[in-house]
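Listed below are the structures to be examined.
You will see subunit A twice below: alongside subunit B first, and alongside subunit C after that.
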Partner chain A sequence: MSTVAATGSPRIAVDKLGVLIALIAAVAALMPFAAFRANRIVVGISKGIFEALPLWEAVLVALALVAAILVALLRTPRLWRLFASLAMLAVLFVAIGHSASFLTPEGDRLARVSPGAGFWLAVFAFALLAADSFTRLKLAPWLRIVTLLLVAGAIALLLWSGAWNDLSILREYANRAEAFWREGQTHIALALGSLAAATVVGIPLGVVCHRVDGLRAVVLNVLNALQTIPSIALFGLLIAPLAWVAANVPGASAIGISGIGAAPAMVALFAYSLLPVVANTVVGLEGVPPAATDAARGMGMTNWQRLAKVEFPLAFPVILTGIRIVLVQNIGLATIAALIGGGGFGVFVFQGVGQTAMDLVLLGAVPTVALAFAAAVILDAIVEMVSTGARPA
Partner chain B sequence: MIEIDALTKDYLDLTVVDHVSMRIDDGDIAVIVGTSGSGKTTLLRMINRLIEPTSGSVKIDGKDTRSVPAHLLRREIGYAIQGHGLFPHRTVGQNIATVPVLMGWEKPRIAARVEELLELFQLPADQFRDRLPSELSGGQQQRVGVARALAAEPKLLLMDEPFGALDPIIRAKAQADLVGIQKRFGTTIVLVTHDMEEAIHLGTRIAVMDQGKLLQYATPAEIVVKPATDFVGELLGSGDRAFRLLGLRRIGDFVEPGEASGAPVSAEQTLRDGLEEALWSGRAVLPVVDGAGKPVGRLTLATLQRLGARPQ
Partner chain C sequence: MKIGLIVRLVVLVLLVAFVVSPASFEWAFLPLTKNNQPAIYTQNTLLSLTLSHLTFVAIATVASTLVAVGLAIVVTRPFGAEFLPLSRSLANIGQTFPPVAVLALCVPILGFGAGPTLVALFLYGLLPIFENALTGLTTLPPSVNEAARGVGMTGRQRLLGVELPLATPVILAGIRLSVVISVATATIGSTVAASTLGEVIIAGLLSNNVAFVLQGGLVVGVMAVLIYDALSALERVLMARTGQRR
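== the complex of A and B ==
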């Protein structure tokens, strides 16, 4: 990009995606930056950016916004765009914390200040710009993980510094800190546990499907059908059979199996996880060059050796892609487990919906999205690392 | 020595290889040639039991191939295929080491063998050992494929269209390399091709197959001079029988005493090369020199004419 800017015509060139981002950001600037409510369930009062912050801070944010929009709109070097977007996000994050402290009357524990539509829209616009310039930079996989850790560290620092303590979502957190971490653990246990089970069952099943022609169509069709059952319905459908198992199989209830709770949630997530794992295992094994398989046989490898030394390593990046799909999907789906008493961040989402307390919904939704995003970045990086060099000759 | 006895392969009611019997002596290059669907690849793959025969037997040095488990049998037999079949996720060195590792050789011995083979195939070990197959040219990949097949010092090497994916210039080089390596190690080679030219060029014995049957199994000269059936003749093409015949013989074996003027030909070249030189330079007599460039006699156009004629 920089060379284009340097050698191109002296006229100012406009970036296509930048136009979209600038438009979104401009709209965001006109919308309420924060919302103030006297308590957590009354209707909020919208505050524009000049009402939500002390004047000089509001002016600074507005100037930063104009500068960032210009960087996005014009054809600027990728690194500039990345830094501009990250800096703008940092400004927004700090400003919303200040806004909460500014708007909340001294000592008032009932008042709630939450981010307004303008804030969310601006975050969306510059997150988009950050993601786009990040992708265009084509960083090495390990650098992407390092960047993810840096961003996570910056957010942790903001949380730890107390800059956001007056924000509504953290007020909700303060009331539920213990439950938050407990449900967080449950959420991760559900997502990872079902993934582990699906991997242990799915990869061997995929190998068998690959080797036995007749089985492949049957297994994949059954798993496909499973995948089409709406998640809430599947959670519900499992209540009856698992309740029966708990009641009739000795020891089943002792190890935690029951019609509601974590067991059906785990079973449902496992069922959804199987198709991507099995299908990707089959596709990965089918992608192994036939000449390599023939050579492996011809040189005297046993069936196991051929699988372990040739087929599986070559199929591994594709299988890992399946595992990535499952992990991200499960982190999202595990939210629904709360409906049947399975726990997880969904607990806050459904409580929030029930109480029309959007801040509580966000307390469940934001960490879920963050977890899914982090899982996607990390696994994408790992997939890329194991794929390099294993491309078919 | 390989003895193939009444080897047959049926798929349902289709007979792919039909009672083929042949004997391949140690140090031979036996080339199985035929059109696609002739059963030549199936015949080859039955030797190392990649395909199990319906009936008949294969004996290697008097021992029935069914007396050992198939995977152990295959480790003793080199195997190289069209498109090389290298493992894309393993380095050149790891690819070559495949069978020695399977056979449990000691590490230093494996490393030494890999190095030796890479040097032999003109791929300097320090440059090539740690590269991935995708980083090599087609000709280099093919050489690594053959090196891998030879890694565990097999007495028998099976090759299925090993030069099929190469362009003509690299192919000629690869063929010459193979002949050199065969001479060096004395490996017995069974090679499958659809190219009669390649068969005549490489083979000490040629087996012509059609529709699962072995039509003729003879030396290249016999095949050229006395094709057993019309099909064999067709496969040869009638165009350059005389040239093929001359191409099979060394100039050194037909030198007469005497001298001649002009550029010499080498005793190692074929009579076909000699004829070409005589015609092109308009000479009836050519001086012949040995490998060191020392004159050994002369070659006359009359000799070439006599030797190129259909034998009585």
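== the complex of A and C ==
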């Protein structure tokens, strides 16, 4: 292993990732920081950082940018890098809100200010730095969850303080606040509901597959084939059978089953969720060391006791990994439910695409990505906690 | 195994026949239509849609394979080792982005049509290939690498003559995942006006015509299953050739 740092020469050591981040940030500084549009669908006018902010604020942001680039470029302690990247992100986030208020003429409700390419690129550069420092710090799982909560709290604070109120995405939100929360609830209900159903059905199915040899290949192949059907098609194909059920089974329509809407979306998400849950249950149970089951058998445990007290606890981390895959996947897939009237954040995405109003697309896409990201971080942390608890290394 | 092969061949022949001449299968879809709706989508021929669908997938997969394998090679060399932890967590984070969002967010930059679809397919295809290439290149038995070093192979020779060939089956598994995801994701491309088989499905959803939804979905689904099977078979052949077994 030869590294550059090992040469021990007195010259200042440069961090390779830092070079990449410095380059991206430098390009970002040259690109427009914000875009101004007279209304929501006309082409925007690009504004550089010195046009987008009052002079002294622009100078402050530029100085912060130079300082953050220097911290990234040189070989600095990890904590410094983490704080520098988070501080820079905070500066960018506050600045974009100020820029929106600064660029919008007083009392103008039609004008839209949205973040420009330079802003997004700069956020990307320092998010990279933050991700890298986080990965290298190897934080304990609970600390990662705490950090996530702190970041979520900071963003909530920014939203609550009204600092972003003049940004285009929040203008879109202000026009449809009620719909936003309603679709958000539907989105979460779709993702979590199908996950719960898949867990209730999938784990026992996985246990059966593990114990009955002939069944495993059949069930896994069928679920695999199901997974390859494109989501739009599956959503669409379920419309007809569910409409039939609603029309012909007494009481079905009373509990909300109908051809279009949330029911086919829920069924389709459930179908997609089964494979990871069943497959991971089987893999997890197969990974239980034979010595453990032998010992359990030797102690005179019944089949049920062995499953509940030995096999299941040992397989639990792997099963939980399957649940993590399903949850993240479902949060993404639930956006497509909007195409068949199932609701969810996809409603804004498809409306926005239809009206070529990108702020509206963002209003649907940003919460979806944030939800999926938060779910991934939290469940990864839980998986890590559970697996170190089950198998003291 | 033999029966499985025959079934697949029959399915393939049926698929090709249906795509080339959908009108001769009209009888199968007629019972699904109501109020004299057309049973077969004729706005664009199924053949041209299928071909452009597959072209999207092929271009995107080739591009993402080149980039992903290249990146995986860089971060597993001593030169790029500093990027390894970051690239791992990036691949992890990237997977949390839903394809619809990627697609929709590409529209302002690239306009409607083929551009955003190709970018979304490319970005979404990167992750499985990158992860598998990384696994393939980092989990080789150390003895193999030592033996290669022992016989005096240079880093380049080791990479091309030992590491890549041994990692190929795992990389191929990643490509297989990525292709299946792409075949399905390409259907969503037609929400931003790319001409793919999703057009048929969406036309069916909009006009409440189950026959359209079914024929679009069937062609895409069958294609995905056949490609998945073919690539799995290729993987088994390669595994046997490099003497690995799973």
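In this section, the second predicted complex is superposed on the first by the 381 of 393 C-alpha atoms of A that agree within 3 Å, B and C clash if a C-alpha of one lies under 4 Å from a C-alpha of the other, contacts with A are read in each partner's own complex, and residues count from 1 in each chain.
As a working rule, contacts are C-beta pairs under 8 Å (C-beta built on N, C-alpha and C of every residue); 3 or more make two chains touch, one makes a residue touch a chain.
What you see is a predicted model; the values in this text were computed from it and never measured.
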| item | value |
| --- | --- |
| Touching partner for A:333 - first (subunit B), second (subunit C), both, neither | second |
| Which of subunit B and subunit C A:38 touches, first, second, both or neither | neither |
| Which superposed partner A:26 touches (first subunit B, second subunit C, both, neither) | neither |
| First, second, both or neither for A:305, with subunit B first and subunit C second | first |
| Touching partner for A:314 - first (subunit B), second (subunit C), both, neither | first |
| Partner contacting more residues of subunit A (subunit B vs subunit C) | C |
| First, second, both or neither for A:295, with subunit B first and subunit C second | first |
| Partner chain(s) touched by A:201 [first = subunit B, second = subunit C, both, neither] | neither |
| Subunit B versus subunit C as contact partner of A:237, first or second or both or neither | second |
| Common ground on subunit A, meaning residues reached by subunit C in one complex and by subunit B in the other | none |
| Residues of subunit C that touch subunit A when the two form their complex | 32, 78, 80-83, 85-86, 88-90, 92-93, 95-101, 104-105, 107-108, 180, 183-185, 187-188, 191-192, 198, 201-202, 204-205, 210, 213-214, 216-218, 220-221, 224-225, 228 |
| Subunit A contact footprint on subunit B (complex, rising order) | 48, 50, 71-76, 79, 81-89, 98-99, 102, 132-134, 136, 141, 145, 148-149, 158 |
| List of subunit A residues in touch with subunit C within their complex | 1-3, 15-17, 128, 131-132, 134-136, 224-225, 227-234, 236-237, 239-240, 328, 331-333, 335-336, 339-340, 346, 349-350, 352-353, 356, 358, 361-362, 364-365, 368-369, 372-373, 375-376, 380 |
| Residues on subunit A engaged by subunit B in the complex (per definition of touch) | 289, 291-292, 294-302, 305, 309-310, 313-314, 389-393 |
